[in-house]
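Chain nomenclature is as follows: A, B, C and D, assigned in order of appearance, with residue numbering initiated at 1 for each chain independently.
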Amino acid sequence: MKAAAAPEFEVSAWVGAAGPVSLAALRGKVVAVYAFQMLCPGCVSHGIPQAKQIRKTFARDEVEVLGLHTVFEHHAAMGRPALEAFIHEYRIDFPVGIDQPSEHGPVPLTMARYQLRGTPTLLLFDRHGVLRHALFGMVDDMRAGALIAALVAESVADTGPQPHCDDGACRL
Amino acid sequence: MKAAAAPEFEVSAWVGAAGPVSLAALRGKVVAVYAFQMLCPGCVSHGIPQAKQIRKTFARDEVEVLGLHTVFEHHAAMGRPALEAFIHEYRIDFPVGIDQPSEHGPVPLTMARYQLRGTPTLLLFDRHGVLRHALFGMVDDMRAGALIAALVAESVADTGPQPHCDDGACRL
Amino acid sequence: MKAAAAPEFEVSAWVGAAGPVSLAALRGKVVAVYAFQMLCPGCVSHGIPQAKQIRKTFARDEVEVLGLHTVFEHHAAMGRPALEAFIHEYRIDFPVGIDQPSEHGPVPLTMARYQLRGTPTLLLFDRHGVLRHALFGMVDDMRAGALIAALVAESVADTGPQPHCDDGACRL
Amino acid sequence: MKAAAAPEFEVSAWVGAAGPVSLAALRGKVVAVYAFQMLCPGCVSHGIPQAKQIRKTFARDEVEVLGLHTVFEHHAAMGRPALEAFIHEYRIDFPVGIDQPSEHGPVPLTMARYQLRGTPTLLLFDRHGVLRHALFGMVDDMRAGALIAALVAESVADTGPQPHCDDGACRL
C-alpha cells in the first residue's frame, strides 16, 4: 500500500502568491513548507533564512517553497498587516499562507491537522504530495539540502499513492 | 564651555520598567540606549543581542541599558501589543520606551528631536546625561564595549554641564 | 558513451586509514574528497568543518569522506608531523592522503593531475568513481548536501563506465 | 604598596617586529598579549581574530598588541618556519614572540613564568607594565574591549609601581 497524499492546507489567505496555492496543483514537484511565526526567534534567525536558501539552491521547476504562518500565541501581535510588514522587511520571496485561526482554541486549523509540535517546522512533501518529513526545530542546512535532493531524485513514478499496476506493467 | 545634558525622551509609555524612567534620574550612571524597531532585521539580529550583551557585561550600578522603540514605518504592525509580545519572546530584560508618535508625520518625537538616521542606533550618554556617541548601524561588540568602558572610567566630576567653579573650588 | 572513472590519487601515505585507500575499492559508494592545506585559512574555517559535517550527515555505507593534503606552498611548514598534529587537534575522523610532492615544482601530483585551482576544493565522485563535481572555494552546506544526496540517489546501474549489457540483460 | 611590573618575556626571537620588543620599552602604553599556538583550534578561530580586532579598534599610541607563541605540545609541528607561514597566511600584522623552549619539559619559559593555564590566553598589562588580567579561553569581544578601554582610561599616574610620593606630592 502506498502512502496517501497529505491533506490540503486550510488558510485564510496567501500573501505574495499570484493566485490560489494548493498541494494538489503542485503535484510533480517537491514542496518545502516552512511553518513559522513572525515573532518566534528561532524562526527569524534560522527558519526564514533556511527557507530562502532552499529557494536559492533548488530550481523552481523542481522544488516549490512556501511559508505557512501558524500563529498559536500572541495572536493580536501577528495579524495580517504585521505579517505583510514582516514579509516586506525580511525580503521573503515565496508565497506565505495564513493558517486559518480556530474558533475553539489558539492553535490554527492546518497546524492542528498536521499535528505540528511548534515553530519552526520544515515540512517536506514528495512529488506525489505525500508528507515525507516534518522537522521541528533547527535542522542544519546540509541535512535539509540532502533530504530535499533525495526527494527531487525520486521520479514521479517512484512512490506515492498511484496504483501498483500502471502503464500496462506491474511494479513491486 | 561644557556640553549640555541631552533632552529627555518623549515616550508614550515604558514597558518593563518598575516606574517612570528619565535621563535626569540616571545622572551619575552611563546610559546605553538602543533605538530600534521590532521589524527591523538588523535590530533583531544585531542590535537587541548587543543590548543584552551590554546588560550582561557591565554592572547595573555603573551602566543603565534602555530600549527605545522608534517606529517610523509599518506603524500598524508595531503597536504596543506587538511590542510586548516581541519583548516577551526575545527575553528583553531592560525597560523599553515607546517613542511618542508624531501627529505630523511618520517619525516619532524623540527620534526627530535626536535627529536619528534610522535603526538600529546606539546612543551613549555619559554620567552627566550628555550624549557622547550616536552610532547608527552595526557597531562591533569590541568597539561598543570600549566606548562604554571609557565613559564608565570618567569620574562624575570629569565632564559635563556643571559650572566651572563648584564646591568652593574652580576647575580648569 | 559513459564517463570514465577518475584516475587514482597519487599519495605518499594515508593518515588515519586502517589500510590503503583507493577510489577503485570504493566503487558502489559516493566519495567526497576535501583537498586542503592545513595552513589555508578557508580550509580550516570552512572546508574541514564541512567535511566533518558530511561525515556526520551521510551513512558510512553510502558516502565515504576523505581528505587530501595538497600542499603547494610553505612545504617546510606542512610536512607529515605537522599534518598529524593538525589532524589530532582538529579531531579529523576520516582518512587523509598526503598528495605526492612533485620533483619538478611546488604542485603535488594528484593536484596537478586533477587540475585543481587551489584549496579548499571539494571533489565529489559517483558510485562508479566518476568525478562529477569539483567545487573550488566556499560551497554552502545546503548545496553540498544536495549534490551529495543526488549522487547517493543514483543507483549503481544509473551511470558510469560499465557496459550497457550486464547480468544477462541489456539496458537502455 | 603598589603592584610590581611583570617580568619580561623570554623569547628566542620576535617575528614581524622592527627590532627587539620589551615590556619595559612599552611603559606608558597598555599592552595586550595573545598567548597562542598555531595548531590550537580555539586560538585560530577566536584568539587570532580577536587580537586583530584589538589592533583595529585601539590607537597604536595607546595600545600595543603582541602575540606570544607558547608551544607546549606538538613542538616538531610548530617550529619557526611553520609559525612564519602561519603568520603570513593569517595576515597577522603585529609582532609575535617565540616563547623560549625549556630544556626541562614541554612548557616554554615565559608560559611557565606567568603560570598560564593554556592557550589562548589574553594578557593585559597596564601603562606601568603591571599584569592586570590573564584571561584563559574564549573571552567575548565586548568584555575584552571594555577591559582594555578601562586600562587606557587610567592615566600614567593612576596606578603602578611608582613610589607613593612623587613630584613633590604625596598620593593616597
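Here, contacts are C-beta pairs under 8 Å (C-beta built on N, C-alpha and C of every residue); 3 or more make two chains touch, one makes a residue touch a chain.
If you're wondering where the values come from, they're calculated on a predicted model, not measured in any experiment.
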{"item": "Third chains touching both chain D and chain B", "value": "none"}
{"item": "Rotation angle superposing chain A onto its copy chain D by C-alpha atoms, nearest 5 degrees", "value": "180"}
{"item": "Centroid-based (C-alpha) most distant chain relative to chain D", "value": "A"}
{"item": "Residue-number overlap at the chain A/chain B interface, same or different (half cut)", "value": "same"}
{"item": "Result of counting contacting C-beta pairs for C-D and A-C, higher pair", "value": "A-C"}
{"item": "Between chain D and chain A, distance of the C-alpha-averaged centres to the nearest whole Å", "value": "53"}
{"item": "Interchain centroid distance [CA atoms averaged], chain C/chain D, Å", "value": "40"}
{"item": "Distance from chain C to chain A - Cα centre to Cα centre, in angstrom", "value": "35"}
{"item": "Chain D residues counted as touching two or more neighbouring chains", "value": "none"}
{"item": "Inter-chain touch pairs (all)", "value": "A-B, A-C, B-D, C-D"}
{"item": "Contacting residues of chain A [partner chain C, same complex]", "value": "50, 53-54, 57-58, 140-150, 152-154"}
{"item": "Touch list for chain D against partner chain C, complex", "value": "39-41, 44-45, 73-74, 76-78, 81-82, 84-86, 88-90"}
